[in-house]
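The two complexes that follow have subunit A in common; it is paired with subunit B in the first and with subunit C in the second.
On to the complex of A and B.
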C-alpha cells in the first residue's frame, strides 16, 4: 500500500514538473541566428505585399537560392496586414523579420525615426555593378532621410487617366487635356439610367488623399508650404477640393465616400465608368481578362492640366529595407540587391506591368515592348512636371491623411468646402507642430 | 554516517512528498495560472501602464508619464470618442433586442417536432459557422449600391435604390442587420436548449384552464425561460460589444469617411495601428473594459431581479 502511495507521489511530482517544463519551453525564445562569415545556409524571412513585383520574385527565387545558398521564406500579405505586422513585430523588437517591403511615402520617416530600418547608405553606394544611381533621383529621395538611405525602390507609380476606348469612340469624344474638358467629358459620358458613369475615383477620405493630391497640385496648392505650414487653407486648395467633390458627386457612381482604390477600380473593370483616374501601376489588373471585362479596351492618358498646369504625382510606391533587429543583415542585403537588380525589375515590368524605378528599364525596348506604349510616353512627359509625393510627407502619415482627407468627404457630400478646408487646415497646423 | 545520510535523504523525500500532497491543487493549477498571468494579467497591466503615458510612434521609444491626461482628453472628445461610445451602445442594444425577439420566435417555432427538423436546424446554423470576414465581404458585395443584389431586390417591390453601407446614415443599421442575420441562430439554439428543460405540466395545466396560445407563452413559457434568455443575452452582449471583424471588413479602419461605423473597438484600432498613438489607444481600451464590465453587471443584476 505504501509502495503504491510512493509511486503515486512520484507520478504527481513528475507530472507537475513536466507541466512546468512545457510551459517554460513555450516561453523560451529562439536564440538561433547571428552573422557568420558566409551567408550560405542562412535562412531569411521576407515580408512583402501581393502584386506584380512579388509574383516575379516568387517565380525567380530558386535562381537566387541556388546561387547564394540562402534559404528565403516569403510571407506575402495585404498592404494593411503588412503594416500591422511591422508594428506588432518591431514594437517588440522581433528578430524574425529580415527583409521588409514597405511603402516609402507612408513609412520611411516613421520607420527611420523609430530606428526600425537599418541604414544601408554604405551598402547601396558600395556596389558599382548594381548601380544605385540607375534608380531615379526622386525614387532614391523617397527612401532617404537626412542623407541616409533606408531602402531600395521596387516600384513607381504615376497618376493617369484610364479610359474606356469603346465609350469614348461611341460618342466621338476626345481625351480631356484640361480640368474643364475633364468635367465636360465626364458629364457627356454619364448615363444614370443605364448605370454608367463618366468618372470613378477614390472617395473614402483616407484613401482618396493620394488620388486627390494631383488635383491639389494642379490647382496650385500643396499639403505643406515651403515654410513647413499647412497648405490646405488656401483658396487654391479649397478650389481643388470643390472641383474633386463636384466631379465625383455629379458624374461618379453613388456611394462615393466609401470607395477605396480597389472598389473604384472594380467599377471601371466592370465597364460601369468611362474614366478611372488613379495610379498607372493598376494597369496590369485592368488588363487582366480574368477579372476585368474591359481588358484590351483601355486607353491611357496623361493627367489633365489645372489652373497651375498638369502636376500629377509620380512616386515610389514600394521599397525594400533591412530590419534593424535582423540577425541576418548580410544575407538580407544580398536578397535585396538581387531582387532590385536590372534583371528582376525588368522582368517584373515586362511580365507583370510593374513600373520599374530604374531609369534604364524605361530606355530598354526589350522591357517596354510588353508594356503599354502610352504609359511609356506618359512616363517621359511626367519627368519634368510631376510632383514626387502623393500624401503629406510627415512621420504619422495616416493621422495626417485623416485630417487633410476630411474636406474631400464634405466636398463629395456637397457641404461647405471652404469652411471644411479652413477647419482641416487649423487641425493640420496643430498636427504639424507635434509631428517632429 | 552512511545510515544517517540515508535517514536524512528519506526524511527529505518524505517531506517533499508531504509538501506535494498538501499543495497538489496549486501545483496542477500552476501552468494554467501562469498562462492566465502571461496572457491576460500582464497585457492588462501593460495596457494600463501605456494608458498613463504619451506613448506614440513606437512603444520602444522613451515615453513620458502623463497621469490621467489621456482619459481626460478622451472624456472631452465629442468628435470621435463619445460618438463611438454611442455607436457601440446602439449597435449592441438594437442588435440584442432584435436578436432576442427573433431568436425567441425561432426557438418556439422549432420546439415542436416536425418533418425535416434536422435539416432546418442545420440550415439556420450556417451563418454562425461562416467566417466573419467572409460574411462581411459577402454582404459588402450584396449591398454595393451600383452592382449589388440588395438594390435589385428592393427595386422589384418598387422601392428606390438605397446606399446601404455606403450611406453614412444607413451604415450602422445595415451592420446591425448583418449582425442579426449571423447571430440570431446562436441565441435561438440557447433558447431551444432552455425550452427543452422546461417541464410540460404547467403549460398543459394552462391549456386545461383555457389559456390561449399567446397567454400560455406570455404567462407560462417565457417566464420559465427567463434564466436561458438572460444567459443568451449576457453571452451575446459581451460578444456584440466587442464586434470588430464585420465592421473592419466592411468599412475598414476608421469606420468610413465620416467614422459612421466607428465603435470603441474600431477607434482603439485606429489610434494604435493607424495613428501609432499607443497611449491614447490604451486609454480607449481601458474605458471600453469598464463599459463592458458595467454592461455585464447590469445584465447580471437584471437577471437576478428577474429571477426573484
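On to the complex of A and C.
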C-alpha cells in the first residue's frame, strides 16, 4: 500500500512538472516589435558564421557603432552550429535574434516558409545610395521568394578549376575546355607511383552534391524539371553521375568517398593533385602560404563544357536577414545596410578574398588588385551561362542532398550507375511530394 | 608472485625451486602479454592527445603534411587563441559555471543522497537518475523557451541551473550508494553522545565520505566543463564557454586546425590538472576515513 502511494506521488510530480511546462509554453504573448523612433542606444544580436566576411565586419564594427550609436553583439559560430541555433531559437519564437546570417541555398525556402525572416522588400528598394540593383541579379534572386526579398547577399561562389601551374608546365599541358579534354588532362597528370593525382573533388555523397551539380547541368540535366518532377532519372543525369564517378575514381586520390570540400582542398594545397574543381571562394586559403604549399603556383580556369555547354553553378552562399521576431528591426536593418555597403563588401573581398555579390566590386581595380585576375575574368563570363543553384531548391535541403547524392557514391565505387540513378530518382519523386 | 610463494608454502613436499620452474614460463608469458596490451592501449589512447599537442605548435600547412614529426614549431596558434580569440574570458566563464554548478549540486545533492540511503528510497534515486537518461537536446527547446520568457538566456544563472539539472542526479546516485556502504556504528555512537541526525551527517558521515564527494565532484565538474550543447543555445556573448568557443575555428571555408588544436590543449589541460590534484585527495581521503580505535 505504501509502495503504491509513493508511486502515485511520483506520477503526480511528473504530471505537475509537465503541466507547468505547457503553461509556461502557453504564455507566449508575442508582440510585434519595431520602434519608430531613434535607433541610438539599441542593442542588437547578430549571429554569423566564422571566417571571410565576418572577419571584416568584426574589424570595422567600431565604425558602425560610433556612427549610429547602436550596440552590436556578434555571435560567431560554425556553419552547422548556426543552423542548430536557428532551429531551436526560431522554433520558440525567440526575440533575442536580430540579424541572421544564413545560407540562402540551404535555408531560404525553409525560413520563408516558416515566416522566420522579415520581408524586407520595401527596405531594400527604398535606399538609392545603397543601391539594391548593384547586387548581381542571380544573388538577388537567391534571397527572394515570390518577389519578396528576405535577405541581402553577402558572398557569392562559382564552380571553377584550380590548377597547379607547375604540374601543367612540366608536361606542357593546356587548360581543358571540354569534359573530354578534362578527362584526358586528368589522365596525363596522374602518377600513382609518386602519389600525385590528376584531379581532386568532393566525394562524400552529401557534400559532393554541390560540386557535382555543375556536371549535372553541363550534361543537360537538373535536379528538378520545370514541371517540378525529379530530374535525375534521365539518361543525361546518369551520364553525368557516370562521368563524375569515373573521373574521380580513375584519376583522383584513393578514399574519395570520404572527402568533403575542406579535405579535397587540403590535398590540392599539399601539391598532391593537379586540379581541384570547387568554389572560387576557396582561393584565399589556397593562396595563403601558412595554409598551402602551392600558394603562388595556382592558376584558375573556367568550368569545362559538357554535351550541353558549360553550365557551372554561380550561387550566393551567404546572406543576412532580419528575424521576424526581432524587436529591433530598424536597427537590424541599419546594420545590414552598413555591412552590405560597397565599403564593407569591398574590404571583405580585398582583405579576405570573400567574393562580393556587388557587381561594382568586380569592376573596381582597387578591390581586385589583391584578387587573382583570372577569377575576375571568370566572374564576367559566368554571368550569362551559369546556373543560380548548386543543390535542389526544396525546403528540406539536407534530406534531398542525401537522396540525390547517393548515386555519386555508387559511381565512385564503380557500381551500376544507371540503376542507382533510377532508384534515387524514384525516392526523389516521393520526397518532392512530401516536401511542401 | 605471491601466489607462487603461497602455493609453495602450502605444499611443503614440493621444492620451491621446482614450483617456480613449473609455473613461471606461463606467468612470465602472461606478464609479457599484459605489458604489451597495456602499451598498445596506452598508445592508442595517448596518440590523439599527442597529435593534438604537436599540431598546436604547427602552421596549418604543416598539419596536413604527412611528415608528423619534422616541422618548424610556432607559438602563433597559442597567441591567437589566448589574445586574439579571448579564450581567457571563455575559460573564466567555463570555470564559473562548472564550479558553481558543482558546488550547488553538492549542497543540495549530499543531504538528498543521505536521506535516500538512510530512509530506503531507492525508487526516488532511480527517478532522479532519469534526468540523465533524457537526451539533452529534448530538454533544450523547453528550457530555452522558459529562460527566454523570464529573460535569463545568456546569463550565468541559466547555464548553472541547467548544469545542476544534470549534475545533481549523478551526485545523488553516486553518493547514496556510497552512504549505504558506510557502517552505521560511528553515527550511532555520535547519536548516543547527543548529536542530532543532521549533526551526525555534518560532523561524522560527511567527513568520512570525502573520497566519494571528491569523485562525484570531479565527474560533475568535468561534465560541466565539457558541455557544449547547453552552452550553444543558452549562452550569450559574455557567457560563452570553451567548448562552444571552439567552433569559432571551424569556418564555412575551412578549419583552422592549428588554432583548434591549441584551443583544445587550453581546454584539456585544466581538467587534467584538476583530476590529478583531486585524485591525490581521493587516496588521502581513503586512509583518513579509516576507523581508529
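Observations on the structure shown:
Definition applied: the second predicted complex is superposed on the first by the 400 of 436 C-alpha atoms of A that agree within 3 Å, B and C clash if a C-alpha of one lies under 4 Å from a C-alpha of the other, contacts with A are read in each partner's own complex, and residues count from 1 in each chain.
The rule is simple: contacts are C-beta pairs under 8 Å (C-beta built on N, C-alpha and C of every residue); 3 or more make two chains touch, one makes a residue touch a chain.
No experiment lies behind these values; they were computed from the predicted model shown.
Of the two partner chains, subunit C is the only one touched by A:292; subunit B is not. By the touch criterion defined above, A:395 lies against subunit B but remains apart from subunit C after alignment on the C-alpha atoms of chain A. Judged by the touch definition given at the top, the superposed model places A:84 against both subunit B and subunit C.
In the superposition on chain A, contact is made by A:94 with subunit C only, not with subunit B.
Shared-chain residue A:76: touches subunit C; no touch with subunit B.
Of the two partner chains placed by superposition, A:376 touches none, neither subunit B nor subunit C. With both structures placed on the common chain, the touch criterion links A:270 to subunit B and to subunit C. Put simply, subunit A uses residues 6, 27, 84, 91, 270 to touch subunit B in one complex and subunit C in the other.
Here subunit C touches subunit A in the complex through residues 59-61, 64-65, 123-124, 127, 140-142, 144-146, 148-149, 153-154, 232-233, 236-237, 244, 247-255, going by the rule given at the top. Subunit A contributes residues 6, 9, 12-13, 15-16, 19-20, 22-23, 27, 80, 83-84, 87, 90-91, 93, 110, 113-116, 195, 203-206, 253-260, 263, 267, 270, 272, 395-396, 398-399, 402, 405, 408-409, 412 to its touches with subunit B in the complex. Residues 6-7, 10, 21, 24-25, 27-28, 45, 49-52, 54, 73-79, 81, 84-85, 88-89, 91-92, 94-96, 262, 265-266, 269-270, 281-282, 284-285, 289-293, 317-318 of subunit A are the ones that touch subunit C when the two sit in their complex.
Listed in rising order, the residues of subunit B touching subunit A in the complex are 16-17, 20-21, 24, 27-28, 30-31, 34-35, 38, 56-61, 144-147, 161, 163-168, 251-254, 256-258, 272-277.
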